[in-house]
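Labels run A, B, C, D and E following the written order; every chain starts at residue 1.
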Amino acid sequence: MTALVKLLFLAASLSPAATLLVWDGALAWPLFGDVTLLFDLAPLSAFFLLLVALGAPLAAIPMLRDDAEWPTYALYALLLVGMQVLLLAGDFIGLFVGWEIMTWSSYLLLLRSPRTTLATAQSYILLNLLSAFALLGGILVYYSLTGGFAIQAVADLGPWQGLALIGPLALAFLIKVGTVPLHLWVPCSYDEAPDTFSAVLSALLSKMGIYGLILLLTLLPGGLAGGLSGGLGGLYGHLLDGPAAGYVLGWIGVITSIVATFKAIAQEDMKRLLAYSSIAQVGYITTAIGVGSSLAIGGALFHALVHTLIKLLLFTTIAGIVLRTGLRSFKDLGRLIYRMPISFFGVLIGIIGLAGMPPLPGFASKYLIFVSLIDARWLLLLAAMILSSTAAFLYCYRLIYAPFLGHANSPQARTATEAPWQYLVPEVVLMGLLVALGLFPGLGVRLFVDPVLTALGLTPLGSPSWGELATPYGGYDGVVVMAVFGGAFVVVTSLFFLLRGRMRQAASPYDLSYAGEVPDETTPLHYGAGMGRELRRIPLVAWILGHSTQGLYAGLVRQTQAAAGLLAGLYSGRPQVWILLAVLVFAAALTVQLLAGGI
Amino acid sequence: MHYLLDIPAMIATSYVLGFLFYGFYRQYNARIQRRWGPSIFQNLYDNLKFLFKSETLSHGPMFFFGPMIIVSGAVTTVLFIPFLKDSIWLQGFSQHGNLILIIYLFVLGPLGNALAVGSSGNPFGVMGVTRGLTRLMGLEVPFFLGLALVMLQYETVSVHAIMAAQSSIGEWTLVTNPIAFLVILLPFIASMNAAPFDVVGAPQEVYAGPRVEFGGRFLGVLMTQNMMLSVGKLVLLVDLFLGGATNLFILIAKAFALFLLITSISAVFPRLKTEQAVDFFWKVPLGLGVVGVVATVWLQ
Amino acid sequence: MLDLLDSPGMVHTIYVLGSMALFSIGLYGLLARRHLIKIFIAIAIMELSVYLLFIALATSPGETAPILADGLTRFAGMADPVPQALTLTAIVIGMAVLAFGVTLAIHYHRLTGIRDIDAMTELKD
Amino acid sequence: MALPLTPIWFIALPLLLAFLAPLWARLRLLLPLLFGAQVVLLALAAALVPAVRQAPLLETIVIAPPLGIHLHLDAVALLLVTLFHGAAALLALFVWLDEGVAHLRGPRPFVLLLLLVAGCDGMVLTGDLFNLYVFLEIAGVTAYALSALHRDRAGLEAGLKYVVIGSVAAVFFLFAVVLIYLQTGQLNIAAVAADFAAIPAPMQVLIGLSLLVGLGIKAELFPFNFWVPDIYQGSDPAVASLFSGVLVKAFLFVLFHLAFLLLADPRVAQVWLMGLGAATLLVAETVALRQPDLRRMLAYSSLGQIGLIALALGFTSEATTAGALFHMVNHTLAKLLLFLVAGLLIRRAASARLEALTGLGRQMPLAAGLFVLASLSVLGLPPLAGFASKLWILTGFAEAQVFWPIALILFGALLEAGYYFRWVKALYATGDAPVARGPAPAPARSAYLPLLLIAALLLLLGAAPFLLEADLVGAAQALLDRAATIEGVLGAQP
Amino acid sequence: MYRHSHCEGFQQDPTAQELGLAGPEGGLGPLEQLVAWMRKRSLFVLAFGTGCGAIEMRPLMTSRFDAERFGIVNAATPRQADVLVISGYLAIKTLKRVIRSYEQMQEPKYVIALGSCTINGGMYWDSYNTVKQVHRYLPVDMYINGCMPRPEALIEGFVALQGRIARGEPGGYQRYRERIDWYKANQRRVLGDNMLPDYTYDWYHAGGIA
C-alpha cells in the first residue's frame, strides 16, 4: 500500500516533465461569461516549466524517505498542478488560479512541519495572499484596460495607466520573489518548512515570481521586442542606456541582494542562511530583469536555471544533514566531511555555484548580468551587485566550514552517517547537471535561453560552440577554463608528490598550532557560530544587521489588532446598546437625509 | 606544441618575476628602515627551503587539496592573462577568457585554500579566512567599479581588445581615464596583500592568519602561488592601464614601475584593521569611483 | 372650538402624537430598564404604538365599521377594513413573540436566577 | 391524482409536515421526513426550472393582485428557494446521520426547522408586503426558538437576546409597512412599487430608513449587526449554519428586492447599500482577527461575506449581481460546511476556544481537511466555488471601472485570511501541552457524507461555474429588472 | 646550600653531546648541497620568549643588527619555523609548551637555547621549578651563553648554526627522533601527570623518515 502510494507520488512528480514533453495545442475551459481559462505553452513558460520538470522529481525523491503520509504527497502533487496551471495559462485567470493553488497548497505543506510557528505560517500565507490579491487587482486593471484576460501586450498605455497596471502586478511578483521590504515571509518559512520541502520553496516557487516579472515586461506596449523603445523604456523613458523604470527595479533587486547577503552572513541556522541567500540570488535576477536587454534577460533566465539547481542541491543536502544529526545550527555541527563525504561535495559544488566561481555555471549567469549592466552603463548598480556577490563568499564559506570542517561540536555530529540514497541520488544528479552546465554554458544558452529570447523578440545570445559563452563584449570558454584548471591541478599535485620529504597525517584533530597549548574537546575551537561577527564593526553592515522589517510588520499587526479590539467593543453583547445604536443611526440618518433633501 | 612552450614560459616568467619583485620589496623596505636587508633572492631561498622541507604535516585530504587548488588557481589565472601585446608568446589561454573571468579567477584559489584552512580545524586560520573574505568584500567593490569604468570605456571585457586600443602613451588608459586608475590603486594594493591592508596574514594579529597550520612544503606552495599571482595582477594592470608590453623587457619595466609605486605607498603607512580597511574602501576609493561614474557616465 | 377636534387632521395629529409618545415610552423602557420582563413589556408598548398609528390613521372620524349588514349595501363612509385585519394579525403575532420571549425569560431565570439583561454575559469574546 | 406543480408547495408542504409532527414522532419518521421533504421540494424546484426560465410564475391565492395575495416565483426566487432547500436537505441529512446531538433530533427541532424554511421560502416568494411581515415573523420566531433549542444558559441567553433585537427589527419593519399602506393604500409589492414615487420625499426617506433598519438588523448589516456573534455563539452550530446559510440570505434578498423595486432610481439605494455593505465587510473582518471562539469567528466571517454580497448587490450591475447571487450560493454551502465541521470539532474538544482546538486536526484529519477546504472557498481561493463568484463580482466592478470596491474586497479577503489561517494553523499545530478532550466519541463516519457532498459541490461549482451561469444571469436580470417585475404582476402599465 | 630538587639527578646520556657535534660522514651530493644551502640561507625563527632573553631577541630584527640579511626572519607559528629559540630560563610549566611547539615544527628543525639559565639554571640554579639543562628534554643544537648574551652573540650563534646546516651535519631533530623514549622519559619525570597527550609524539615511533 505505502509502496503503491509512493510510486503514484513519484509518477505525479514526473507530471511537469510529461506536460512539457507531451503538451501541444491549446485547451480552453470556460468559467462564466467571457471568462475562460486558456492553456497554451509559450516558450517563456516552457522554460520555467522545464525548471519545474527538472526540480519536481528531484525534490520528490527525498520525500520518499520521509515518513510523510499521503497528505504531504497529495499536497505536493497539488502544488505541481498549481505550478503547471500557472505556467500553461494563456490568460490571466489561469495564471491567477495556478498562483493561488500554488500558494495555499504550499502553505498547507508548510504546516506539515512540526516546527512551523504561528508567526511564520501567518507571514507566509498573508504576504503570499497579498501578492495574489495584488495580482488579481492588477489583472482586473488589465481587464478594464483591454476588456479581456488574454496575456498579450497592451496596445497603448499612458504613464498613469501604466503605473496602475504595473504597480499591483509588480507588487505581486516582488512579494513572491521576496525583495527586501517584502521578504519577511521568506527566511522563516524556508527555515521552518519540512526540510525536504524547503528545496521546492526556494528552487521552484520563487521562480514563479521571476516568471511573473518577465511576463510583466512583455505586457507593456511593444513588449520586450521593441528593445529600449518598448517595455519599461517605452513608458517612462531612458536612464543612460537602459529603461528608467528598470533602473528602479534594478536598485530594488540589488538592495535586496545586499541586505539579504549580510543577513545571511549573520544567521546561525543553516536553512535560514540558505533562505537569505535565495533572496539575494533572486535579487540579482530582479536586477537583470530591470535592465531588460537581451543580455540581461538571458542572464536572468540562466541564473534562474542555475539557482534552481543549486538551491535544490543545497537544501537537499542540508536536509540530509538535519536528518542524520537532528541539528541545524552552525554551532552544533562540524567535521562532517569524514562522515558525510558525498554531502560535502554536494555543498561544495553548491557553494561554488552560489559564489559564482568560474568553472561552474553560476559564473556564466553572473557574467551575463554584469556585462548587461556595463552595456546599460549602470555602473553603480554593478558596483552594488559586486558588493553583495563578494560578500556572498562569506556565507558560502560559512556554509561549508561550519557543518563539514573544523571540529565536531556535538555527539550527533561525531556519530552521523552519510545521508540515505534518496537524498544522495538527487544530489549526485544535480552535481552532474551543474558541472555539465558549467562546462558547456554555450550549450545551455543555445538549448534553454535562446528559444525564450527569440520568442520574446530579443536577439538570441548565440554561442559559437558548446563550451563558449559569447557576448558582444567578449566571452569565455567553459571547457577551456575547466580543462586548464584541471590540468594545472593534476600537474601541480603530481609535482608535489615528486618532491622529497615525508607527509605526516595529524594524529588527532586537536593537533593544532595553538600557542603551545594542547586543546581538547572542551576547548571552543569551532569558529562556525561566531563567524562574521566582526562584520558588525563595519558601519554599513552594522546598520543593515541592526535593522529589520520585522518591527514594521509587527507594528502593522499590532495596529490592526488594536483596531480590531476597538471595533470589537461595538460587539458588546448588550442588547440595549445594540438597540440604542440602531435607533441613533436611524435618527441620525433620518436627520441627515431630511436635511440633505432640503426640507 | 606552441602551448607546451608557452605555458611553462608564462609560469616561469611569473615565478621569476615574483621572487625578484618580492626580493626587491624586502630590500626596499629594509633600506627605508635603514637596514641592509636580505639578498634580492631571499624569497627564492625561502620558497625553495620550504619546498624541500623533509617533513610536512597534513590534516586530511581536504587540507592537502587546498594548496593544490590554490596553485592551480594561480596557474590558471596567470595563463588567462596575456603578458605581451601583438605577440604569439606568453599568451596562454587568454583568447578564451576575459577580464571578469580573470577577476573571479583571482579569488578562486584563495577560496579553495580556505577550505583547507577550515579542514585543519584551527580557529585562528578560519578567523584569518574570515578577515580575508571581509577585506575582499571591501576591496572588490571599488576595484571592480574601476575596472568597469575601463570596460565601459572600451566597450569590451576582453583584455586583448583593451590592450590593443592603447597604442601610444597618449592612449594609455592611465592617461585617458586616470580616475579609473586612482579608483583601482588602493584596492589593488589590498589585493596584493600588501601594507597597509595586510592584516589578514599578519603574524602579530591572528597567528599568521589563514596560513597558521601550513608548514613545510605546503607553505612553499603557498608562497609560490602568492608570488605568481602578484605578478599576474601586476601584468593585468599593465595591460589595462599602461598599454601592455610588446616584449618582455618593457613588460618588466612597466610592471616594476607599477610595483615600485605600490611598494612605496605600502611602505609608509601603518596597518589598518579589517573593518577600518573595509570602511575605508567603501568611503574613499568607492567615493572616488562614484565621482568617476558621475563624471564619465552620467555627464555625457 | 371642539369641532376642531373632529377634523380628521387634528384627530390624526393627536393619534400620531399619542403613538409617538407610546413609542418613546416603549423605547425608553427598552433602553433604560434592565428587567427582562419589563423589556418585553416595553417592546409590546412599542408595537402597540405602531398598531395605534395604523388603526388611527387608516380611519377618519365619522366612518363606520366596514360591515355589510342591516341594509348597508355600499362601502361609502366605511373605514378601510384592511388595516384592522392586519393589525389583528400583527397583534396575534406580537402576542406570540411576547409570550415566547417571556417563556424564555422565565426559563432563563429558573436556570440561572438572572433577570437582569445586563447580567447575561455568557456570550461574549 | 397528479398534484399540481405550484410554488405554493414550498410553503405548504413544510407547514403541513410540521403540524403533523406528533404523528411522525410516533412513527419515528421525523428525520427521514425532514430530509425527504427538502429533497422533494428540491425536486419540485428542479421541475419548475424550465417554466420559470420562460416567465416568472404567479401563484394567485384567492384574488388576483393587486388586491389579493400572490406568490411570485421568478428566476431569482427560484434560485434562492432551491438554495434554501438544498441547504436544509444537507443539514437534515447531517442531523439524521450524525447521532451526536440529541436536542436536534426531537419533534421540536423538526417543527422549527421546517417552519424556518417555510418562513424563508415565504419571504422570498410572497408578493405581498404584509405577508412578508408574517413570514418574517414566522422565520423570526422559529429562529429565536431554534437558537434557544438547547436549553442551557448559552442557548437561552442567545434566544432571549435574539427575541429582543428581533422584535425591535419587526417593529421597525411593521412601521414601514404601515407607513407604506397609509401612503399608497397598497400592500402588493409591485403595486406599491408602481406608486412609490408618488409618496412625498420625506415620507419616502422615513419609510426607506425604517425598512433599512428593520431589515438591516435581520440581514446583519453593519451598524445593526452587533447581535450576530452572540446568537451564533449561543446556538448549536448546526442551527447557526442555517441562520448564516439560509435565514440571512432570505432577509438580504428581501432588503434588496424591496430596494430595487421601490426605488425607481437605484442610485439612491446604491450609496446606502454599498456603504453599509462595505462597512459591514470591513468591520466584521477586522473584529474577527482577534476572535478566540470558533463560533464567533465564523459569525464575523459570515458578517463579512454578507457585507461583500451587499456591496456587490448594491452596485446593481448585472455582473456584480449575478456574482453576488452566486456568492450567496457558495457562501451558504461553505458556511454550512464550516459550521457543521465546527460542530464536530467543538464536540470533540468540548470547547470552541482556540487553545482547546489546537492540534485537533491531527486527530480528526477529515474534519480538519473539510474545514480547510471550506475556509479556502470562503476566502475565494481557486479552484473552489468562492473564487468563481468573487471573480465574477470583481470583474463586474472592473468592467464598470470602479476600483474602490475591488480594493476593499481584496483587502477584506486578506483580513479574512488573517484569521482563517490562524485557525487552520491552530488545527494543525503540534502543541506540547496535552489538550483536555471532551468525552464525546469520534463522529460516525456516515456523518461525513453530507459534508463530503458539500465539499464536492464547492469543488464542482468552482471548476465549472458555467453550470449555473444561465440561472444566475437570469436571476440577476429578474432581480434588477424593476419594470418587468411590476409589469409581470400588474400587467402592462399605462 | 645546594639543595636537590626533584628535577635533578637524571641519568646522563653519554652519547648526547658527541652525536650532535660529530662531523659529517661522507660528502653531500650536489642537490643535497643546494638544499642545505637554501636551508642555511633561510631560517624562520620561533622565538619562545621564556625569560629575559626575549628582550635580547627583539633588537636582532631591528635596523641596528638586522638579522634579516642572514635570512633570519621571525615566524608566527611553529608550523612555519625552522629554529626554536628558547630565550632564557625555562620554568617547568613552560617546558610543556616548549615541547609542544617543538614537536609541531616541521623537520628539519633546530633548537637554540640562549643564556646561562638554559645551560645550568644560572641564577635559578637552586630553584625548584626551573629546568637546569634543557638538552635533557629537547635536543639543543646550539647553546649561546651569557646572562644575557648580546645580539652580537646571538648572531654569532646563528651563523654557527648556519654553518652546521650548510655542512649537512645531523641536527638535533634526528637525535630526538632516534632517542625519543629517553627524551620522553626525562620529560615525564618532570611533567608527571601533566604530560602531553600520546598523539603528540606517537608518530615518532612510526618511523619512516623520508
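As a convention for this text, a residue touches a chain if its C-beta (ideal position, glycine included) is under 8 Å from a C-beta of that chain, and two chains touch if they have at least 3 such contacts.
For clarity, every value in this text was computed on a predicted model and none was experimentally measured.
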{"item": "Third chains touching both chain C and chain B", "value": "A"}
{"item": "Contact-graph separation of chain B and chain D, given in steps at minimum", "value": "2"}
{"item": "Identifier of the chain whose CA centre is least distant from the whole-structure CA centre", "value": "A"}
{"item": "Reference chain A; chain at largest CA-centroid distance", "value": "C"}
{"item": "Longest centre-to-centre distance from chain D, chain (CA-based)", "value": "E"}
{"item": "Contact pairs, highest-scoring chain pair", "value": "A-B"}
{"item": "Approximate Å spacing (C-alpha centroids) for the pair chain D, chain E", "value": "97"}
{"item": "Separation of mean Cα positions, chain E and chain B [Å, integer]", "value": "37"}
{"item": "Separation of mean Cα positions, chain D and chain A [Å, integer]", "value": "44"}
{"item": "Touching two or more other chains - residue numbers and ranges from chain E", "value": "77-79, 104, 209-210"}
{"item": "For chain A, residues contacting two or more additional chains", "value": "500-502, 504, 510-511, 513, 515, 568, 571-573, 575, 579"}
{"item": "Sequence positions of chain D contacting 2 or more other chains", "value": "161, 164, 168, 229-230, 290"}
{"item": "Set of all touching chain pairs, with the criterion as stated earlier", "value": "A-B, A-C, A-D, A-E, B-E, C-D"}
{"item": "Interface residues, chain A side, partner chain C - complex", "value": "568, 571-576, 579-580, 583"}
{"item": "Touching residues (chain side chain A, partner chain E) in the complex", "value": "500-502, 504, 507-508, 510-511, 513, 515-518, 520"}
{"item": "Residue ranges of chain B touching chain E (in the complex, touch as defined)", "value": "26, 30, 33-39, 42, 45-46, 48-49, 52-57, 203-204, 207-208, 211-216, 219"}
{"item": "List of chain E residues in touch with chain B within their complex", "value": "35, 38-39, 41-42, 44, 63, 66, 68-71, 73-80, 82, 104-108, 209-210"}
{"item": "Contact footprint of chain A on chain E as seen in their complex", "value": "48, 77-79, 96-98, 100-101, 104, 196-197, 199-200, 202-203, 208-210"}
